[in-house]
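Presented sequentially are two complexes of subunit A, the first with subunit B as partner and the second with subunit C.
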Partner chain A sequence: MTGIAPMADAPLLSVRDLTVRFRSGRGAVTAIDRVSFDVARGRVLGLVGESGSGKSVTALALMRLLPPDLAAVAGEVRFDGRDLVALPEREMRRVRGRHVSMIFQEPMTSLNPIASIGRQICEPLRLHLGLGRRAARERAAELLAMVAIPEPRRRLDQYPHELSGGMRQRVVIAMAIACEPRLVIADEPTTALDVTTQAQILDLLRDLQSRLGMAIIMITHDLGVVAEFADDVQVMYAGRGVERAGVREVFGHPRHPYTGGLLRSIPDFEADQDRLIGIDGTVPSLANLPPGCAYAPRCERAQEDCRTVVPDLDIVAPAHRAACFHPLGVAREASP
Partner chain B sequence: MLNYVARRLFYVPLSILIVLGAAFVVLRTTGNPIDIFLDPNHTPEQAKALSARLHLDQPIPVQFAIYLRDVLRGDFGESLQFGGPAMPAVLGRLGATLELLAAALAVALVLGIAGGVACAVWRDRVPDFVISTLAIAAQSMPSFWLGILLIQIFAVDLRWLPTSGRGDLAHLILPATTLAAFVLPNFVLITRTSMLEVMGEPFVVTGRAKGLSAATLVFAHVFPNALNPILSFLGVQVGRLVAGSIVTETIFSWPGIGRLLIGSIFQRDVPVVLAGVVVVSLFIVLANLAVDLLLSVNDPRIRLG
Partner chain C sequence: MSQGEPLVVAAGLRKTYPIFGGTLVKRRTGTVHAVDDVSFVIRRGETLGLVGESGCGKSTTGRLVMRLIEPDAGSIRFDRVELTTLGRRRRNEGRRRLQLMFQDPSSAFNPRMRVGRIVSEPMRLAGATGKAQRDRVAELLPLVGLAAEQAERFPHQFSGGQRQRIGIARALALRPELIVCDEPVAALDVSVQAQVVNLLQDLQDQFGLTYLFISHDLRVVRHISDRVAVMYLGRIVELAPTAELYGSPQHPYTRMLLDAVPKTRPGGARAGSRAAGEASLAPAAGRQGCLFAPRCPHVMPRCREEVPAFREAAPGHVAACHLLG
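Showing the complex of A and B:
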């Protein structure tokens, strides 16, 4: 229906109307509002947005890692034919780390500080693949070699505090790919790292992705990462998907004014630019969204309809969707 | 690691010296053994002779110096009430005190940690509410009162257990329970807090994302991390536990060092009190060293520095 992938080949992951509502002291807040997207086998989807746009909540909801007493999840997350939202917790545990795994933002805190690297990598191997102690250790050393950690065997007996941030993130990646999952969700995997390390980690991820043929959801606020890395892009704003298309299409012909604004705010060093361009205004609070399009208050193209009706993520061009009544690159119609 | 232990051991004599000095001055300035140990109708010559034997005619610093000199030779003086050497009198009671401390500590640690873990796992639910409320109530209960209450119920009314003294396991139950109750609530609360703090750490989410079960996470990942504050707290609590044992031993007539110390203080049996102080402070210092070793065994960041 709404997939970007060809109909003949069902996508690996198909998210439909994923909605997450957080119960809070003053009623419920909708953190994710009817988000839909597909990830095809072996492809990379870039999930882009500012902080607070709901990228990380989307990732945690896909993995069913949100606390059930605080977050109500609705919609459908069809992975390989099964709806993860409806899966019993026991079966969901066999999906996590085995078929879908995750790389986190903060390598400094995402490893257990008092467990050895080896033990932490062996855990999913023993749990999901049923490897014995020795076999798991062998495989863990191979994995560390795969993520280009020197002296892998010695590292197995080291602890997180003995490694640098970049090395720790490699360990986290080794852990994530341990069982050769079909989908890896990388939540801002390079944000906490310095620039040279960022590039190395991205290269490593791309290399692993092509070698292992896994699909990746790359969550980032960095359009540069998306341009380099992703096949498809989903732009998020205030918990809603606002634009979805192939990466060239989004960068070449952005349709949603928000995407256009994001792209314009990338500094152009060749044009001898004096000031940085930003988007006026701030992201609205999720507890207090405007009635229509959430971007309308900041949008120079906004008209009356934008302020009253929430636009659907509709097809605006072939294989290109945008949630906008007055998209860019389309002749502006007079408001009725 | 060995370096660290050696450095810590180096400070042991210093701590003991400070404690001894304080105890010595307090004992010498708050009472006079002569009035207690000599017949009320003693002659001035008798008083003078005892004074000279105990060096009481010297200024206090000189007395302390003489005392230290003797201690370094292994001589802790003669007990005034028993007549024999003071240190063996104290060491003879060490077994009873250690038995009581070990039993109480085992109960407090096992139940305290189990209770705290249960509170954290079922946070804000019924088990948490019940256990936390009990812990806070128990924390504000004086241990001598609990001891008397237990004696009243289990020894006097029900006649299930002996009221006092040391002997078989039945004798140990009431004093150990009383002493354990003195520190148990603190272990519950510190374990709960520490577990909850670790449960909020990002690596717990990593563990869940790997597919680990809640039980594996709690016992293999969260608890070992939560153990550090619990162990540090244990070091602090050993001192409280020893202090509590003095009260408990007195209530239950438990023939340990605590009861000996109380009696000797009233008797102005200074050599025994000082020997007891040495043994008790040595025990506390060594217990803290043991806690530090446990911490470093548990946490590679401490071990590998």
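Showing the complex of A and C:
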């Protein structure tokens, strides 16, 4: 064990004003702008947004996986009391894979095509837990059994290309949970999979989460995955957090017009609709954000203030935050 | 709308691809049955949804209908003309009545061509005059929600949703009757996807278009289709009017597929059978009996021996499952 002392009441992960600026040929681009959220021990936070919303950059920044010569990271990422942003790289390496691990969308990006499955699962076990060769192999077989891979012992000697996409993602999950981390960051873990395989992987993750008591940040563009899987939700838009609340709150009473629009855009699975109600316009380019609220140009509720001032992610209802001057529901009650 | 006359009649379509193996000498070691005895009708003015998971043969079916690939067996009639035996010239003439739309239209755009030229290219190939092309582009761009002036711009100046609109404009250039839409909204963000789906429906109403709508997205297919066919490992396993298929699915695979779609109402417990196993196109798996049998929760000995025939569960609702017999 390393010297990270658990603190009973504090959240496991506390992100404050996390900002990432990328240097590019045409000046700096702010990919995420003062993003804040907490992840409680053993809970699932859904980080949801469309392309360019900054959800994947957030994950990479948390893990300190952004190239330092291209990305300037500011803000605070408190994990069990320690600020990961300020941690020396040598210590960060001890956190990565041991206390915080990551699952990516495409399993082949995290698997080495020319190393056997066994070798890849054993690596973190030997590196972080100091297990010997035989003990690591034993544990690796147990892990494959935990992620419901049939014939785990035989699989240890197979290579990634011999497995199906769903099986590969199970191997990646086995690697991610190998050291029983307290936080797993899953970036679109089921997006590349078919829907029946997705259902199996989500079931597996939920089962592992309750057995191991780990917290999960589930990054996805799929609101259905969030609704089924997350306890809490943060909605991102153009690099900013725009809404945060419990999952039932967000889906039942969305406050930010963007969240409302997003939910309306999904074709209903139970009722017939004549027409879908999309959101007009497109996500703005990060290099060219409008002043004020980034959603204002697409928002039917936008007023003058929205076009000049960036709204903070403030409390609009109990345990419910939205970065909006004219939130849904709330404003309607105020002016009937 | 569903009373329309048959525009496309596909019967017994079959398409196989060889698998080669061996270390020194490449030899044919097996066969993939991409499309295996597929039959369906698309009526004029309707949208037939074609759903299934990757590798089920839905895109191959779309390409067979377009005659971009030749079937090994079976026939496709388009407006009562048999396409599979048509000579090249007649086929090319006929082809303007059928158009194809892809998931990522910009992969088919020349990045150095202006949008006007991209949209009018099918007309140019068909021998239209420059003026006719320009006039048609000025007509098409507003139709798909773009400004006529945008004809002078290049593809990279547009967002993903706008590029899909350009793809739609080009597909419409020759006034086709049938458009095969292969995952047309899969690459789009959900807020933009709704705009494109609405546009496709508006154009259908306006021009009486017929769509073969190929998608893995069961929500979008439910919304846009009049009837839906479900494919599994190269075969259609169920075909029904949309409300029927989603309301009372008969084939265990259809049920598994529908149950696997995450619901957007939190806390709603997922009902019914949970997905298990995965589809395998491996030739070793064998093609006797029902291909879903290895994953089916209701499998009977008969399922492993005898290919189930289509049985009618309700008017216009057929499923290939022994449970129905």
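Remarks
The rule is simple: the second predicted complex is superposed on the first by the 319 of 336 C-alpha atoms of A that agree within 3 Å, B and C clash if a C-alpha of one lies under 4 Å from a C-alpha of the other, contacts with A are read in each partner's own complex, and residues count from 1 in each chain.
Note that in this section a contact is a pair of C-beta atoms (placed from the backbone, for glycine too) under 8 Å apart; a residue touches a chain by one contact, two chains touch by 3 or more.
Computed from a predicted model, the values in this text were never measured in an experiment.
Of the two partner chains placed by the overlay, neither subunit B nor subunit C lies in contact with A:Pro311.
Of the two partner chains placed around the shared chain by superposition, neither subunit B nor subunit C is touched by A:Gly239. Touch criterion met: A:Pro113 reaches subunit B, while subunit C stays clear of it. When the two structures are aligned on the shared chain, A:Val225 is found in touch with subunit C, with no touch to subunit B. Legend: residue contacts after superposition of the two complexes on their common chain; A:Gly260 is shown touching neither subunit B nor subunit C. With both structures placed on the common chain, the touch criterion links A:Pro152 to neither subunit B nor subunit C. Once the two complexes are laid over each other on the shared chain, residue contacts for A:His161 go to subunit B alone; subunit C is not touched. More residues of subunit A are touched by C (comparison of subunit B with subunit C).
Of the two partner chains placed around the shared chain by superposition, subunit B is the only one that A:Arg98 touches, whereas subunit C remains out of contact. Remark: subunit A residues 50-51, 164, 166, 194-200, 202-203, 221-225, 227-229, 247-248, 251-252, 261-269, 272-273, 275-280, 282-283 touch subunit C in the complex.
The touching residues of subunit A, when paired with subunit B in their complex, are 60, 63, 65, 93-98, 101-102, 104, 106, 109-116, 123-124, 127-128, 159, 161-162, 172, 175. Interface residues of subunit C, counted against subunit A in their complex, comprise 53-54, 159-162, 189-195, 197-198, 201, 216, 218-220, 222-223, 243, 246, 256-257, 259-267, 270, 274-276, 278-280. Interface residues of subunit B facing subunit A in the complex, by the touch rule stated above, are 201-203, 205-213, 221, 224-225, 298-301, 304.
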